[in-house]
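Some notes on the structure that comes next.
When the chains are written out, they are named A, B, C, D, E and F in that same order, and each has its own residue count from 1.
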Amino acid sequence: MSQNALMAEQEMEAMTLLFNGMVDTCYKKCIPGHYREGDLTKGEAVCLDRCAAKYIDLSEKIGRQMTEIQNTLAASQMPSQ
Amino acid sequence: MSQNALMAEQEMEAMTLLFNGMVDTCYKKCIPGHYREGDLTKGEAVCLDRCAAKYIDLSEKIGRQMTEIQNTLAASQMPSQ
Amino acid sequence: MSQNALMAEQEMEAMTLLFNGMVDTCYKKCIPGHYREGDLTKGEAVCLDRCAAKYIDLSEKIGRQMTEIQNTLAASQMPSQ
Amino acid sequence: MEKKQMQDFLQLYSKLSIRCFSDCVNDFSTRTITDKESACTTLCVEKFIKMSQRMSQRFAEQHMINQQ
Amino acid sequence: MEKKQMQDFLQLYSKLSIRCFSDCVNDFSTRTITDKESACTTLCVEKFIKMSQRMSQRFAEQHMINQQ
Amino acid sequence: MEKKQMQDFLQLYSKLSIRCFSDCVNDFSTRTITDKESACTTLCVEKFIKMSQRMSQRFAEQHMINQQ
């Protein structure tokens, strides 16, 4: 596989993981476990929209923090190689 | 892979997912988290049998509902293609 | 793939599953869901070390029990083949 | 249906079965699904799919913007 | 053992370790497994495997019938 | 980064997002992350990674010994 195709595949996988994590987490936060109607209530819809926005922002923040930690670790391990 | 082999593989995967979901869910519903004996008690065995029957029936119902929803969506998206 | 390479791959997979199970389980047992500091507290660190030791020992015990059960089953199914 | 789509369908099917059964079925005095359990499951599936579609839209809107 | 069987075995092994440890071990004042924890684990594994076998039979009976 | 490492990174990223969001965010009266939520998340990520590293060491020490 070419470098570009590999990166596209990883990007796709990252997006899928992020989306699935968001759906599962926001479902737990916003949808109560009893079902009185099949439509989303106004309250549920608003909660889901805010949850989605917050989840994506927080994930990006976490991604940046992880990259920083990784760079720090990589730098600290340099001398021993 | 031939069309038939692919369908057989997907059927197998569907059965495995269904079985694993049933085992995990019915375990939570029927087996308390303390263990006084290794055998299934009469009550646990009866609960598991009923849970299995209900799980399979409900899954089939859900499968039909999902297929219907998918068909409705596919039909509604036709004009825009 | 050679028999040796296959066994090495399975060993690797077994270790990964064991490690991930241990991390998830011990996190739940030892780390409360609020975060007042980024470092592990003394109490958390001690709990994690003991949890890791117990998890590995118990897993090995479970592995032996599963192997025994499997051997018993294999022996009991012999005549019918 | 493509292979990837089929796998997504199966994953969703499995997830919905687990979730809606867990939320809607608690009575094991019979082996037959009650009308109440059946109705609850229909709504659960419907709501989950609507939720999923809404989340897809939000994800596409917000995540794509952030990426640029 | 075949590759597929080996993977099933490893998955079950991982699941049993997580479940039985979670249910049976709650004391972290020592690093040694107590007799009580060990006994609980033995029963947990035994019960889960018996449960699994029973569910396999029910699944085969019921699901196969429904498919026909 | 190798493919295997990249996948491990993505898995950890997904796990941390789910866990730290679940533990740190409970207010859906706005769509903006609060300072408190942000600070909680930073600590959550830091603690989880330190925990992971400690567990890696323990796992290597103990499991390798038991295998010999």
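To be clear about the criterion, contacts are C-beta pairs under 8 Å (C-beta built on N, C-alpha and C of every residue); 3 or more make two chains touch, one makes a residue touch a chain.
Everything quoted here is computed from the prediction, not taken from an experiment.
Peer 1: Hopping along touching chains only, can you work out the least number of steps from chain B to chain D?
Peer 2: Tracing touching chains, the least step count from chain B to chain D comes to 1.
Peer 1: If you tally contacting C-beta pairs, which pair wins, C-E or C-F?
Peer 2: When the contacts at C-E and C-F are counted, C-E has more.
Peer 1: Tell me the angle, as a multiple of 5 degrees, of the rotation that maps chain D onto chain E over the C-alpha atoms.
Peer 2: Fitting chain D to chain E on C-alpha positions yields an angle of 120 degrees.
Peer 1: Considering only mean CA positions as chain centres, point out the chain farthest from chain C.
Peer 2: That would be chain D.
Peer 1: Roughly how far is chain A from chain F, going centre to centre by Cα mean, in whole Å?
Peer 2: It comes to 12 Å between the two C-alpha centres.
Peer 1: For chain A and chain B, what's the span in angstrom between their mean Cα positions?
Peer 2: A distance of 27 Å separates the two centres.
Peer 1: Could you grab the centroid distance between chain B and chain E? Build each centroid from C-alpha atoms only and quote it in angstrom.
Peer 2: Between these chains, centre-to-centre, one finds 19 Å.
Peer 1: Multi-chain contacts only, two chains or more: what residues does chain F have there?
Peer 2: 24, 42, 46
Peer 1: Which positions in chain B are in touch with at least two other chains?
Peer 2: Chain B, residues with two or more chain partners: 18, 49, 53, 57.
Peer 1: Head round the ring from chain B, going the chain D way, and note every chain as it comes up.
Peer 2: Start: chain B; next: chain D; complete ring order: B, D, A, F, C, E.
Peer 1: Which part of chain B faces chain E closely enough to touch in the complex?
Peer 2: 15, 18-19, 22-23, 26-27, 31, 33-40, 44-45, 48-49, 52-53, 56-57, 60
Peer 1: In their shared complex, at which residues does chain D touch chain B?
Peer 2: Residues 3, 6-7, 9-14, 16-18, 20-22, 24-26, 28-33, 37-38, 41-42, 45-46, 49.
Peer 1: Which residues of chain D touch chain A in the complex?
Peer 2: Its residues touching chain A are 23-24, 40, 42-44, 46-48, 50-52, 54-56, 58-59, 62-63, 66.
Peer 1: Can you name the residues of chain A that touch chain F in the complex?
Peer 2: 6, 10, 13-14, 17-18, 20-21, 24-25, 28-30, 46-47, 49-51, 53-55, 57-59, 61-63, 65-66, 69-70
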